[in-house]
Amino acid sequence: MSSGARERIFARLHATDTGTIEVPKVDVPPLAASGKEENLERLQQLMTAMRTEVHLTDRGSWTDRLVELAAEKQWKSLLYGPDSPIGSELTAAWDSIGKALPELVPYDGTVDTFKERLFSSIDAGITGAKGAVADTGAIILWPTPAEPRLMSLVPPVHIAVLDADRIYGSFAEAMEADGWAKQMPTNALLISGPSKTADIEFTLVFGVHGPKEMVVIIRK
Amino acid sequence: MATAPSFDFDGNVDRALADGQLRTNLRRAMDILVEKRRAVFDDTENLQALRSAGNAIKRRALSKLPQLLEKLEKNCEKNGIRVHWAEETQEANRIVLDIVRSHGVAEVVKGKSMVSEEMHLNRYLADHDVEALETDLGEFIIQLNGETPSHIIVPAIHKNKDEVADIFHEKIPDTPYTEDVEALTAIARKVLRKRFAAAKVGVSGVNFAVAETGTLLLVENEGNGRMCTTAPDVHVAVMGLEKVVEKLSDVPPLLRLLTGSATGQLITTYVNMITSPRKEAEKDGPKEVHLVILDNGRSRILADPELRQTLLCIRCGTCLNHCPVYLRIGGHAYGHVYPGPIGKILTPQMEGLDRAGVLALASSLCGACAEVCPVKIPIPSLIRRLRAESYAGGDKKAVPGGGCSRNLTETMIWKGWELVNLMPTANRLSLKAAGLLGGRAPKIGPLRKWTCTRTSPVFARESLHERTKKEGVKDE
Amino acid sequence: MRKPDKVYFFGTCLIDMAFPEAGMAAIRLIQKEGVEVIFPRQQSCCGQPAYNSGFMEEAAAVARKQIRVFERPYPIVVPSGSCAGMMKLHYPEMFAGTSMASAAHHFAERVFEWSSFLVRMLQVRYRDLGAPVKATWHSSCHAMREMGAVTDAKSLIGQFENVELVPLQREEECCGFGGTFSVKQPAISAAMVNDKIDDIVNTGASTVLAGDCGCLLNINGAMAHRGLAIEGKHLAEFIWERTDGNRT
């Protein structure tokens, strides 16, 4: 039985005096400090190299850029979280613009109620980003009840809205600055671009099971 | 030898060496992976410091292993992740099956997991009428073809695109033959997307489990991992008990070492950190998350001060990529789940030296693996130790099957060697004898094996001992 | 450490049996620099063959013998990266925690790989008296990974202006000797040595140089088996022939 197994495993583990295992006093090599401009540039460079489309906008005009992209890419539906920080700005922007826009589809019920639609007829999903990591070119996502986990995975396009002052030099820095250890979310993600694979003869192909396209709008 | 290996290693080797296509594929693949790793770790000094740090982090985890596992369990349970313990693979399989059955389903979607291969989970589930669908592209390909993975990180590395085209055309209904890699990938995406949407249970491995926060960390590029761990109602994660690390801050250096060593990436597309199932206000994520922690000999390996270093492994696969033996025979020849250098030290310890000890002989001890191991496992030393264990006497064996290779012939050969090298007179005589034989030693035993590929070694008429004496080189 | 007056020379059992001229060349090249070479007649083998095969007690017995034979505090120069590595790295491991620990440590401290000794301790300078030749270099695994001797060996070759050194495509890949590996896993070993030879042939070199006679035994034997006229030489013999040895 499982409980018996647990006891026996721990008995064996405790039988070894693991405290005598030598642990060398080695620190993780320090990472070079980098400034905000450097971080922004590095993030853009690395994300672009991994096929993410990066757009820099002013804080106030990001929805204009989004609207342009929507028209250019001809999205018909855009999944969003109405209660998310960007939700109200989105709906406001949509309300004020008269011309044809993708339908704003709210993720407002549990996935069980709309899995079919989510998997088959949503063109793009838009979320905020908690931050980003410059030295690896990844955005940080902490899904919330307002912006659930599958938003950044299932629709073929994922748009992430990131504030430039939330770009950290490294993952370690981000964890430290935001006190991850004290309050891990149910799911934390680093995302460095659209999904990809090189499993067949090392030929790189983008768009496997996760999004085929990734767009990051960086608000300065 | 007195061992009776459970598999025909020599036969596997001969077949692999004769397979020109396999050897070409392997050479190309290993060159690519070696080069990618070199490119991403372009700062040598930093890399060495990082490796030392990785070694220290993993050692620290082993030095507190029972405490960390307790803490991991406590924090996971507090967050709603149900923790199960399994001593052996059958127990682990049973636990997974029970979870699947309790939800009344007959299929699961699966992310790549070496532990699940160790468990032979797919076969077990199939035997109990549950289909386990592999969703990582490489695993998906070989599953369609009824094969097992040949590499820890790139399981279908031995397959060409025309072979993949054949497999897809033949095994997936209504699929035309195409060698276009984008088209092949699109086919896999289409097939699997339906299954992700419908799946009730997803199974995955765990790259690191963080005790401090009760977090399961997974890395991947394709998105299938997240599909398996996020879309279904139930997520079952399986892990070896040595995968636990102490703190969240241990993750960034290990992550860099893992992705850099495995695929030459600064980071994978996704780093997925799971700390809880779907909480009440949340709209998606699995309603149940289970963690199955497997022992399968690891606690026994931990007991030996030298061999416990085997447990430092973070399953990056780079030792395989640098191994001149793996390069030539590929993963399947090893006959077990873990191939390459890590396989040579892990498998005999798990399966017993009597069944798999031959793997510890399949190494020239060149040290290429140890040079690149991100956590500095001294693999050649451990291989040597396992060889010694296979000849060990006495009752108490450090490794199952210890002493299985003991035989009179070898014992006498090495005893004879010892005497010759301890007694200068004997040494001189044997050198003289060799010199007299010249190149005409009879081709028996090892010499016969040598001379299949090489001319007989020629022994000098006068040894260096004699030459130095003649040339007046002082004795002391 | 300044240039010593006297050094021990550990010939290695392979050189003793099959490559004595390489051993003599290595000795003469040290003597040429005004250093006295002492060759204790009681020496035999470093113990590596038994050690790598898992016969630890026998290996330790033979190792202990060498430690006792080379008892004076002279440097011990070894014309082989694998034997030097055995003595420098593995002797202290073998005897850690035993009564021999200190002796093994003091012994190991004095061990030098031959080409490293020439470059770092003797700072040799050579003039190339030999005919132009195209050569290639094989990096023996332990010379490279345990003794860090390859850059030294190459800097020695670099002093010979008539030597065109063409690199192997896979210089650092194991030649497949591995001691008993070559007879316990002969098929894999054969595949490795044959790839190494293909690489050598592709360089167009007439000579392949190495610092380890185990590799040379393996490579030369396989080249001869394939009927190739390429010569495999220990670096010491090569250098000796192109310097003073050329005059005889």
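Letters A, B and C mark the chains as written, and numbering starts fresh at 1 in each.
Keep this in mind: a residue touches a chain if its C-beta (ideal position, glycine included) is under 8 Å from a C-beta of that chain, and two chains touch if they have at least 3 such contacts.
Here the structure is a predicted model, which is why all the values come from computation and not from measurement.
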Set of chains adjacent to chain A and to chain C: B
Two chains sharing the most C-beta contacts: A-B
Central chain (by mean CA position): B
Distance-maximising chain from chain C - centres being C-alpha averages: A
CA centroid of chain A to CA centroid of chain C, Å: 55
Cα-centroid distance, chain B relative to chain C, in whole angstrom: 33
Shared-contact residues (touching 2 or more other chains) in chain A: none
Residue ranges of chain B in contact with chain A within the complex: 29, 32, 46, 49-50, 52-53, 55-56, 59-60, 62-66, 69-70, 79, 84-87, 91, 95, 135-138, 141, 154-156, 159-161, 164, 181-182, 184-186, 188-189, 192-193, 196-197, 212-215, 221-224, 226-227, 230-231, 241, 247-249, 251-253, 255, 263, 266-279, 281-285, 293, 295, 299-300, 302-303, 305, 308
Touching residues on chain A, where the partner in the complex is chain B: 2-3, 5-6, 8-10, 12-16, 18-29, 46, 50, 107-111, 115-116, 119-120, 133, 135-138, 143-145, 148-150, 153-154, 170-172, 175-176, 180-181, 184-203, 205, 207-211
Chain C residues touching chain B - in the complex, by the definition given at the top: 9, 11, 13, 15-21, 23-24, 27, 36-42, 44-45, 47, 49-56, 58, 61-62, 65, 72, 93, 141-142, 145-146, 172-174, 176-195, 217-218, 220-222, 224-225
Touch list for chain B against partner chain C, complex: 10, 13-14, 17, 324-325, 328-329, 361-368, 370-371, 381, 384, 386-391, 405, 410, 414-415, 417-418, 420-422, 424, 427, 431, 434-435, 446-447, 449-460, 462-469, 471, 473-476
